[in-house]
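The letters A, B, C and D name the chains in turn, as written, and every chain counts its residues from 1.
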């Protein structure tokens, strides 16, 4: 498999991400997967909120963690696996709304991939920017694993 | 309420954090609350893991988010509320083990509190450092709410 | 002075930033100042390099620190001063070239402004992305000071 | 050369860091170099200040950048070079005083080393914590070069 066969890589990534227990617990979904891009989102449920009825900061962090790693994985080579080294996120506005969406895009591929993310909440068809993030994802030699 | 009455503040913080749907969904607990310190942890369950059987990075992020905010809240004044502005975390080692524990300690109290966190996994009584973080928590005037 | 009188605010910002000894030592310049935007750059000199002839990481950090704070200052109110709370930067590619340029743009104005920055090196008219950053700038009540 | 011959490694690191034009421009010095530890500092001069007479944030960033990379370099293997991937720093208190000192210590050695730093200002023999940072340093195969 290689970047020449993106559909196969994408299917593998979806398979591995889908096998995460935490992904299922939150009910998150991959909405879009393209080379260098991942959009991931989750619907509002009481279990995902904090005490004021907003999406919990930990849900934002989960989306940032998973979407940035997955965006980097869309450009990995055969025989590489991805590993989140670190990320930083700014919580910008209260995460109200019906759905929380994270768009992660690769700024720089490579052994130390750099990925940027934006998180939006959706309400009545309008988007509000609720968080911004910057992540470093390592590409390591090793058995192929996604996410 | 003030820093002079820490038990009352601690009770209020525990009440508010306990009211978070996401805290309950993960089954996380506050293990220790002292002025400038919060220890929070969660037990291993399949729902909290990623595809390789490790604690999901999003669980680490949740603990960091919640424990750093709560550590800052232990030093808030009456008529203040805390708001997580941002944090950065490094994932240092695979989060294996039976329990994931986050220790957050206040480096600098004030309007822009700075909090440091360490995350450890516990297995067979031994601790492994799995993540390190640095967070900025804003103290805002407003109705008293906890972390 | 207010956002209604941007030229006066811009003149004040340029005056204060120009009074920084470190700005002069590096020979940095403000290339552009608009509401929510600051472009700052510095020309290559041996004194700004590391041992391999690249711009030193500390020069990149200086530009990020100063340009993000200045971008936030373009939206401050009368009787406010700006204070850099924190930032995170990723070094993406070697900073070769004749000039290092930082573009900082405000993602979110307010008490806790969030600013994004990109750093480019220029060589033979071509740009290379060398760093990306995300910063938090506090707006505090107090005597008007820039930068 | 290897960790078995730390004095030789330390001499090489001092040689390379001493060859940085920017290090000389600022007048910074390595005060201490031990396996996993680097202390670097700079004396107050008007050229290193901002408009209010404090050490410029860019000086803090320079020390953090250089000291964290150097701390990681103390544990590199033969045939490895170090490369700063990213760092995040919180400015905690005004950097007054006669000298600015950065202590960087390795939290985790390896291909993706994680280094923590604290910056202090010294005045009348007393220390004030002015900044805290967390950095990721990559260890890459390649010709031996220092920090």
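In this text, a contact is a pair of C-beta atoms (placed from the backbone, for glycine too) under 8 Å apart; a residue touches a chain by one contact, two chains touch by 3 or more.
Just so it is clear, the structure is predicted and the values come from calculations on it, not from any experiment.
Participant: Would you identify the chain whose Cα-based centre sits farthest away from the centre of chain B?
Facilitator: Taking each chain's C-alpha mean as its centre, the farthest from chain B is C.
Participant: Can you check which chain pair, A-D or A-B, has more C-beta pairs in contact?
Facilitator: Most C-beta pairs in contact, of the two: A-B.
Participant: Averaging over Cα atoms per chain, report the distance between chain A and chain C in Å.
Facilitator: Between these chains, centre-to-centre, one finds 29 Å.
Participant: From the mean C-alpha coordinate of chain A to that of chain D, what's the distance rounded to whole Å?
Facilitator: Here the centre of chain D sits 33 Å away from the centre of chain A.
Participant: Just the number, please: Cα centre separation of chain A and chain B in whole Å.
Facilitator: 22
Participant: Pull out every residue in chain A that's touching 2 or more other chains.
Facilitator: 85-86, 88, 90, 134, 136
Participant: Name, in rising order, each residue of chain A that touches chain D in their complex.
Facilitator: 85-86, 88, 111-112, 134, 136, 138, 140
Participant: In the complex, go through chain B and note every residue touching chain A.
Facilitator: 16-17, 19-26, 45-52, 56-59, 61-66, 69, 83-91, 145-146
Participant: Across the complex, what residues on chain C touch chain A?
Facilitator: So the residues of chain C in touch with chain A come to 88, 90, 92-93, 107-108, 114, 116, 129, 132-134, 136.
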